Each structure stands twice: as structure tokens, then as C-alpha cells.
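By written order: A, B, C and D. Residues from 1 in each chain.
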Amino acid sequence: MNKVVKNVEEACKDITSGVTIMLGGFGLCGIPENSIAELVKKNITDLTCISNNAGVDDFGLGLLLKKHQIKKMISSYVGENDEFERQMLSGELEVDLIPQGSLAERCRAGGAGIPAFFTPAGFGTEVAEGKEVREFNGKPHILESALTADFAIVKAWKGDTAGNLIFKATAKNFNPMMAMAGKITIAEVEELVEVGELDPNQIHTPGIFVQRIFQGVDYEKRIEQRTVRVK
Amino acid sequence: MNKVVKNVEEACKDITSGVTIMLGGFGLCGIPENSIAELVKKNITDLTCISNNAGVDDFGLGLLLKKHQIKKMISSYVGENDEFERQMLSGELEVDLIPQGSLAERCRAGGAGIPAFFTPAGFGTEVAEGKEVREFNGKPHILESALTADFAIVKAWKGDTAGNLIFKATAKNFNPMMAMAGKITIAEVEELVEVGELDPNQIHTPGIFVQRIFQGVDYEKRIEQRTVRVK
Amino acid sequence: MLSKTQIAQRIAQELQSGWYVNLGIGIPTLVANYIPEGIEVEFQSENGILGMGPFPFEGEEDADLINAGKQTITALPGAVYFDSATSFAMIRGQHVQLTVLGAMEVSENGDIANWKIPGKMVKGMGGAMDLVASAENIIVAMMHTNKKGESKLLKNCSLPLTGVGCVKKVVTNLAVLEVVPEGGFKLLERAPGVSVEEIQNATEGKLIIEGEIPEMRF
Amino acid sequence: MLSKTQIAQRIAQELQSGWYVNLGIGIPTLVANYIPEGIEVEFQSENGILGMGPFPFEGEEDADLINAGKQTITALPGAVYFDSATSFAMIRGQHVQLTVLGAMEVSENGDIANWKIPGKMVKGMGGAMDLVASAENIIVAMMHTNKKGESKLLKNCSLPLTGVGCVKKVVTNLAVLEVVPEGGFKLLERAPGVSVEEIQNATEGKLIIEGEIPEMRF
């Protein structure tokens, strides 16, 4: 089952203004750099972006923010971005903040056909406002609903032509759940191989969740906080 | 963090009559053979076993059934076992049948701190009796609750001393979710290695879910339906 | 009248390239043998494999590699193994485009009963309830009547249900029928040599006959 | 009075062998530097690693290997990487034995506020709400008073809450305090050279003082 598309233009060809997009990554780690650049280039607007973070001013989703392409962000932490702050405080940008674990589980639920689940996270806080509360084992929980998106864009380390994906280290993060939850899931990979080259025991995201895959180019893989020790 | 115990006796030392045990495996594939043999030897009774299947007459959980050690089975399919049938029809054995996907998800939920979730599986059937029904996206769903167990016993292909596990092919099945859902999780492995020998990108079950691990012996790995083609 | 393998062969004509397909035990399993030329599909087995291949050659069986029927199988290039929660995430999340399974009864509103006969040994529903509750596209493969000659296409199911209002199409030894949204089995095709009257006589549920009913073609 | 590193050092004394531990950003991160001899713990970072090691040597940074603070890190032997859903399954499922995090306010019934100041830029709660709602054992590491000299240990939190009734212990620059089930901060230890009176004066919430309060030992 061949899911390969020629390049990022073809992968993103039907992404239009107003759609909802999930984007994998944690901070700048494991983000779909090629696709974000293409979205910037396409100049589409009014996007709803579901992503744990919002990039930095000049990289990641910050590039889309700068051009006012994003109408609404659904995230857990958006702290490293001045332009984000400006747009949020001025009311130009809608922001829906979600506990990180609930965000991950809501994406997984969306992909797994679970419309809603109970979690203790956020009980008694403003996150619980308007949500059903129920006690289980003596502890209050709130009902959270599934998230899905018109497009999910993920970045993997290796992928095969059938869309099977392998992630590297902590660049995995939100990518697998978002891959499950996209109506159309686009995977960009550092290395695209033929089917049969990946060990079927080692695949993180089965190709059934991926509709399009392409070989990415020129990965910058920027480091947000370079922390080192001296030899 | 060393989770290694000397042998199956030590791994199962505090499993007593009346406890609830989850056991990985699908049919006879990926079942914890060593531990089941030890439970038989220990002669404990009144067990509640959560397992997708119930083994065959002379292997797998069938061995525990034959000695009347099981009080209740929670399974999705129990079709290949005459003794099971006899005990069930005579009322000696309680049986709770659960849709396979709901069983898997309920174990995962138990391990993931999700006390309950909605699923469409079983709506309008006797599985839905007494359960809350709610419509999402125009489709009725039922509320299912998490499953946990006093002990979860899983079988892996490779494991390291920290309890990290790798499964082989379709012997993975229910093992990863059950590993998450046991208050005490015991892993028996075909090959026990030192930490550092498994690639951290390839581990299926992180050691945090495993309390005890041991190197199993004498795996029979019986095949239930030997189907072949001729060269 | 179709043989069981012909039922499978007819269902195979429904396959579309790019589909992921889950085949139940029995007649549905045979569908894999008749994939039309040029059609590329991938088979999911709910115990944890995508890209299921044929049975292994003798001596090459692997106890760790089975399908949901517990049969030894092989994996094709591009295959992937996964746990049961992920497997049913695929099914429940409607990532599997077609489910083919057997049934004891189907009702004219698409209810299906295929797991339990009161008073008889109950083997369990396995993954059937998840599959029928979630699949967008369900084809039932079965004989049109039971061993006593009674119709299995009914006004209402008499056996405990597996799922409600979910069956879209039924392929039997006599006919191809569509379950229409307003209720009823719309007759699409006749088995070679089988008359509309014979099908009508073997169908207890509402049979909808519109215009000329073509014979199946193989 | 303790320095920030001494707060971390005191918290490190709470570690028990076999524990999986999640450390928040700031003072909590420093705890990893003071693991007592003979104690074996493993650090979980919620972005997807168990078995987090020290910072990499210069030139060995890997953009794909970071912690939840987005810092480049290394992995110890026995480490494992996982996705965010699995990470929070560990946290929500109480497989992590200890969570250490900072706070802006803690109330005498264990409420915590650490994510939002009305009128200021909101950065988001990240994983904090999941961590505090689920952890069996939460230690808050913070200064006893804010920059204006106002107590951060309160009768009631004034800021929007992160979690309700969840904090078990607070280690500040002045004291170690236990949040008792009936409500109140039970004074367990004083920082070297700090008097009970000083702690009382810096604590707005109910302070419970029973018998002689020992000084911390390092």
C-alpha cells in the first residue's frame, strides 16, 4: 500500500484556510519542519492548530503566528513566544489551554474511537468549568472529550512507503497520537525506506494511521535550550 | 533499578487464593507458561483470572481450570476448552464475557488512571445491560470502567534487569496493557539481558510498569492451529 | 447457488485499493484468496498484525505469529505488529475500511446476531462486538438459510444481538443484498441460476425488489 | 535559611530506592544532583523518557533528546523513550512514586497554584495539572515568601488553582512542612538558624507546632 507523495507541496496540497491541524512535537523537538514551512508559504489563514507548544518567535509554529495564519491554538504550554503573547493579550488569537496529559489522551481517544473519558487532571480548576464531574474510587474526575483534526502532520525518524513510522528518542512525544487522530495524516520523515526494511516489531506508528508520507529535506532540528557539561 | 527475581517461585511467592490475576496472551500465543505452571503447583484457589482466552484442556489456563483453581473468568472468547464448558454450564465457574476491544481498553485504562470511558462496542446487546448509554456524534455509546488486578503476569521475548520489555510478533497482544494494570506486575522472559543491551527506542513496555522479572525456562510455545501450505 | 468459496469470491469483488480489511473466521477468511487483479488491500487481524500473509510453508510455523483464528500465518513486507489496545483503536477509530464476518441472523434494519445461542455453550463474542459497532462498512457472509431451511434474513433477530443497525450488505449463497437505511433488504444480485422467487421464499425480512435483478458475474 | 540548592538537597533526602520520580522545572530539577549514596531512583520526564541522565558533554547534544524543560540531556543505560499518552499513563496511573514541583501558592488543605497569574501572560499548565491530580506523593519546592515578603503558605490560595488537596509536603528556604489531612501545615523541621517564630511569621496558613522542632540535617 503505497502512501508516498512526491514532496511537501503534494502532501499539503488540499490544506486550506479554516481547517484544523494537529502538529506533533514538544517544544521544537520532533516538529514537522518541512510542512510548517509549506503552510507558511501557502499563506492560508484562520487555522486552528492543536500542538503541545507554539514554537518560538522565529521557528516552528511561531512562523505561522508571525504571519497571523493561526486563528486558534489548542496547547498545554505556550511560554517561549513573544509574538504569541502579544496576539493573545490583544485578543487576535484564541487560546485553549489543556493539561498536557489530557491533550495527549484526548488525541489518542480521537484516533481510537473513544468519544470521551474521565480523568482527575484539572478537577477543581478552571479547566473543569462546564465539564461533568464524577467520583470514582472516592476521587473526583472530569469528563474530557476526544480531539480529532482535518489534518495531522507528524515528523518521524524513519518511515516506509506503506506509512509505517519509527520515531527517535524524545522526538516521539505527541506524534504517534496525532497520527491516529487526523482525518488525513501526513508524515514527513528523515529517511524514507522501502517496505520490508523496517522490522515489524519495531514500528511505533502502523501505516494504517498514515495517508501520505514523504522524505523531508534540510532539517534544521533547532535546539531550544542547549545545556551541556564540560568534559 | 533491578527488578530481577531468582525464579518463578520467588516471582509468584505472594500470590494467594482469592486474588485477581491478569494473564497476557491470545489463545496460547504469548502466555506466561512458567507462571501458570507455578500457580498450578501452588494449589491456590478461588482465583479471578482476566485473560482474553481460557487456554485449552491441557495447556494454558486450562491447567488451572482442571484443578478447579479458578472461581471466575473475565474473557472475550473461551471456545476451545471442554472442561471450561462443563464448569460453566454446571455453574461451578463464573464467567464474565467482554468484547475484546473493550477488554483491552479497560486494562489500558486501569493502568493509565482513566477510571471510565465511552465505547460504541456492545450497545444494544446484553453487554450494555446496566451500563450508562450516551450519544456522541449521533451514535450511542456505553460507559465502560477500568480493570486492574492484584497481579498481572506477562510474557515477553526479551527483557532487561530494569523490567523493560520487548515482545515478538503477535505474542504481544494483551501483554502490554496488562503489564500497566497490575498492582504487582510479573514479567517472564525468554531472554533476560543487562540494562543497556536493549535499544531504548525499541522497548514496548517501559520497566516502570514491571515490578518483577525473571528468565523463564523450557518454553513449549504450543501452536493451537497449525496451518501450513506446501512448498 | 453459490458455494462458500464463491460467496468469498463475490465479496472479494467489493474490495477497493487502499482499503484495510478485517476478515472474520470461516467464509470471510477465504476472501483473501480472491483479491481481484490490480486491487491492493491490507489485512488486519485483531490479535495484532497488519499485513498478514499466507500460511507458512511446512516447518516454518512460528508459535508467536498467528491470526485471530489462532492459525499460524506469515507477515508480508511492510507488516507491523501491535498490541490489542492499538488493534482495537484501529477498529473503533474507523481506520479499517471493511469488515467481513459471518452471522447466524441479520435483521432488515441491520442488526446482527452471531455470538450466542441461548441454552448452548457460549464461546464469547471475541472482537465481533467491537468490529460491528465501529466499522463503517460491514459485509456479512453467510448461507441464506440455516440447516433447518429457515431464513437467516429476518424482520427481527431472535438470538441475542452482537450489534444494532450496523450491517450494510449481505452476501449469501443466493444473493447480494443491501440493508437500506429505511429498513429492508434491497436485492442487488441473484446467484447464477437462482430466481427472485427463490430468494423471496428464503427471506423472512422485508425484501425490496426494484426492476430487473442481474445475476452475479465472476 | 536555605539556598535553592539546599532546598533541593533537603528534598533529595526524601528519595527512596526503587522510586520513579518526576522533577519539575527550577529548584526541583536540582534534586537530581543530590541523590543520597546507596539510593537508586529513576527520573521520568513527561515529554517521554525514563532513565534521564546528566547534560551531554559539549558537542554531544542531540536535538531529539530533551527533557520537559526543553534542555538537551542524555539517557542512562536502561532508559526508554515513549510517547506522551504513555508518559501520562504512567503519571495518571500512579506508577510515578514522587513528584517534585514548584508553586506560587500552597494552601493549608493542600491546594496548589502554580500556573497562572490573572492579568499576566499565561504560559499554560503544561503537565502540572496531570501531575498534581494523580501523584500519590507530591513535594512542593519553593521559597517560603514571595518577592514582596508575603507568605506563599496560605489559608486559601488566591491565584487560579492547579490542583485541589494534593500537596503532601512543602520544603522551603525556612522549613519542612507536612500538609495534614485535617488541614494545616505541620512543622517538621527548621532550616539551620531559623527560629519557629520566624517560620510562624512567614506562614499565613495554619501552622501546627508540636513539641520541639528539630533543625534540618545535611
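Methods note: contacts are C-beta pairs under 8 Å (C-beta built on N, C-alpha and C of every residue); 3 or more make two chains touch, one makes a residue touch a chain.
If you're wondering where the values come from, they're calculated on a predicted model, not measured in any experiment.
Novice: Which neighbours do chain A and chain D have in common?
Specialist: Touching chain A as well as chain D, we find B.
Novice: For the interfaces B-D and B-C, which has the higher count of C-beta pairs in contact?
Specialist: So, comparing the two chain pairs, more contacts are at B-C.
Novice: Using each chain's Cα centroid, which is most distant from the centroid of chain B?
Specialist: So the chain farthest away from chain B turns out to be D.
Novice: Using Cα averages as centroids, what's the distance between chain A and chain C in whole Å?
Specialist: Computed from C-alpha means, the inter-chain centre distance equals 36 Å.
Novice: Cα centroid separation between chain A and chain B, in whole Å?
Specialist: Centre-to-centre distance between chain A and chain B: 33 Å.
Novice: Roughly how many whole angstrom separate the Cα centroids of chain B and chain C?
Specialist: Here the centre of chain C sits 28 Å away from the centre of chain B.
Novice: Indicate the residues of chain D shared as contacts by at least two other chains.
Specialist: If we look for residues of chain D contacting two or more partner chains, we find 49, 75, 81-82, 85, 88, 91-92, 134.
Novice: Which chain A residues sit where two or more other chains touch them?
Specialist: 105, 108, 112-114, 119-120, 167-169, 200-201
Novice: Which chains touch, pair by pair?
Specialist: Listed by label, chains in contact pair as A-B, A-C, A-D, B-C, B-D.
Novice: Residues of chain D touching chain A in their complex?
Specialist: Contacts found on chain D: 45-49, 54-73, 75, 81-85, 87-88, 91-92, 111, 121-130, 133-134, 160-165.
Novice: Which residues of chain B touch chain C once you look at their complex with the stated criterion?
Specialist: 26-30, 52, 75-80, 85, 88-89, 95, 97, 99-105, 107-108, 119-127, 157, 167-177, 204, 221-231
Novice: List the residues on chain A that touch chain C in their complex, please.
Specialist: So the residues of chain A in touch with chain C come to 1-2, 108, 110-114, 160-162, 164, 180, 194-196, 200-201, 203, 206-209.
Novice: Within the complex, which stretch of chain D touches chain B?
Specialist: 18, 20, 40-42, 44, 49-51, 75, 77-82, 85-86, 88-96, 134
Novice: Which part of chain A faces chain B closely enough to touch in the complex?
Specialist: 105, 109, 112-120, 134, 136-137, 141, 145, 166-169, 200-202
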